[in-house]
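Letters A, B, C and D mark the chains in the order given here, with residues in each chain numbered from 1 onward.
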């Protein structure tokens, strides 16, 4: 099965999740900068953090599917699983922001990030182990990758949230930095003419 | 008429329907896990159920249009009919969740699922009976299919809701399981080189 | 300039406009069918009417751009003008529904439909008169078309709303019927191999 | 890396941002035209202004990526940076509208436009200086462009807002006019057969 609709649907869900968070920003009643800061300060920081996380997931999703030409049914479900946790992120972001980064909401936010990270890792594994789709992926990326480091970071963040929620925010921000450093492996792999996608016979794709 | 825009528009509507349900999850006032469960417990389960249903419809829609190369005006309207009932699902989900799965809302939710199922079956029939678009579909899938079993399941669920709403939720969950078992017929059909789509002459497509 | 992104962006805006109307449907407090009808009865009918109108516009937009291969800057703006009036439709639908189809809101709703109709006619004219994009469109459709009949219908509806709002709803529903009768001209034109799009040289498209 | 998903994701975010602003228009309680004007008058003008701005950005984004065939990771992030500021526009528009164009909200709105303009300019620079993607862009557009004039206009608008907010609105409206005058350079460049995109080898694109 071709991947174009899977990509279009995922782009749609991620674009909505990243944009509707702004609907939760409440405009202050007083027309002053002070009132703006009081009303949105912390909330805005949480919004930026989640925007960057969803941006990272879109980016990684985009990279991942560059290497995949056909998908089976299990990849469709692994992808929906990922979209589920990412579509919850506006909710957990909002709760954390409204409570001004209280303990329980920050733990829940971290668990949401953790589950999204786990879903992405599951998606990678489903692709890697798939009979047809995994070939180019295995060649390009191999086994060890940043997803596990990122998962460990989110786990650390959840732990930190039980002690000091603000510390957890710092840990989550650090996890985003891991992803801002580009992974050149996929780009290098694709730049090599030997790694061209199989010719499109117009049959199954 | 080519199918790419029909697919893109449907992807858009389904992506929005699946994502806006999260806007209805209300954040609790108290920053405790207990308050989160009180505020979102049942609602969250309803959200998961509807997320899976819309995911299934997207999945089935995707499979269905793999076999269709050109569509006539009646397919466009049969598709809009399906999107109409699916775009109502966030509303009926929300009512059922807010009333903590009361009788009437659960019946309405079941009727919504039933009408969406009926609309999907109508779409399949419109494609199967179409002069041009049905050929490959008839070869691959034939007449009997899971849509009718799923319709019967939703009907059973509506009946169960009149007795015990929670039982209905169980029935609806069982209906999703029917669809999680993949239908290999379309994938097998497409894998056979003899079933290639007709060569694209660049004229009508 | 190629049309694929214009189509994708328009699909996005129309998919959102058609889906967010459901956010305005308020769930009733009592879990009874009676309460559901009291809370959403009229509103639901207004929702169906607007859903069908946006569906018609998507359908017509889809047909129109089948005949267009390249667009100039003025087509982009004529298209945004159309999207502007269609993106307002959830708002005017909502006001009409909330006031249970009162006079002024129904007039405003009719004016919104009228302006959307005018914007679509402007878009058709911009394409027809364009130096490059109009050729195939002129051949296929010629000058007289249903857009003007539809505009006259909406004007009649606005007039009817000043006397009896419910009569206006009847007129608007009649206007949708004009569009449900398919316009076979574009499909027939495209089916003729002589009317193939110009070969794609890969240069400007 | 190919640009199709970057374009699809950007189209999604822009389509949502341009459409959700209408969710902030509040329907008046009284069913009269007078009440409509009281409730939405100023807000509607702010809505139109932001609709035009997002339309302009979509238009410019569309033009820009016509000249780009492959992008690197830094372009993806420069693009997300632009989408971030544009996704905030519904919020700042809303605050300015609710406060009936008070001083501080108008300054914040202007700063939002300024930051979006800066992000677009950064995106242009990232593309122009990129090792592979910039070649055709540099040939077609060169260095001087309207982005800087637009940035200066927004800066002037922010300054004007500190004196008289309505004057600032006039300045922002004038900035939109700069963009409504089409930039023929890209269209002319693409019309010349010598500037065809490099043949698609099916390898890296």
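Simple rule for what comes next: contacts are C-beta pairs under 8 Å (C-beta built on N, C-alpha and C of every residue); 3 or more make two chains touch, one makes a residue touch a chain.
Since this is a predicted model, take the numbers as computed values, not measurements.
Chain centres here are C-alpha means, and the one lying farthest from chain D is B. The angle of the rotation carrying chain A onto chain B, fitted on C-alpha atoms and rounded to the nearest 5, is 90°. Rounded to whole angstrom, the centroid-to-centroid distance between chain B and chain C, based on C-alpha atoms, equals 25 Å.
Inter-chain spacing, taken between the CA centroids of chain B and chain D, is 36 Å.
The multi-chain contact residues of chain A, meaning those touching 2 or more other chains, are 8, 12, 15-16, 20, 23. The part of chain A that touches chain B in the complex is made up of residues 1-2, 5-6, 8-9, 12-13, 15-17, 20, 23, 72-74, 76-77, 80, 83-84, 87-88, 90-91, 94-95, 98-99, 102-105, 107-108, 201-204. By the touch rule above, chain D contacts chain C in their complex via residues 7-8, 11-12, 14-16, 18-20, 22-23, 25, 27-28, 31-33, 36, 48, 51, 55, 58-59, 62-63, 66, 180, 182, 187, 190-191, 193, 195-197, 199-200.
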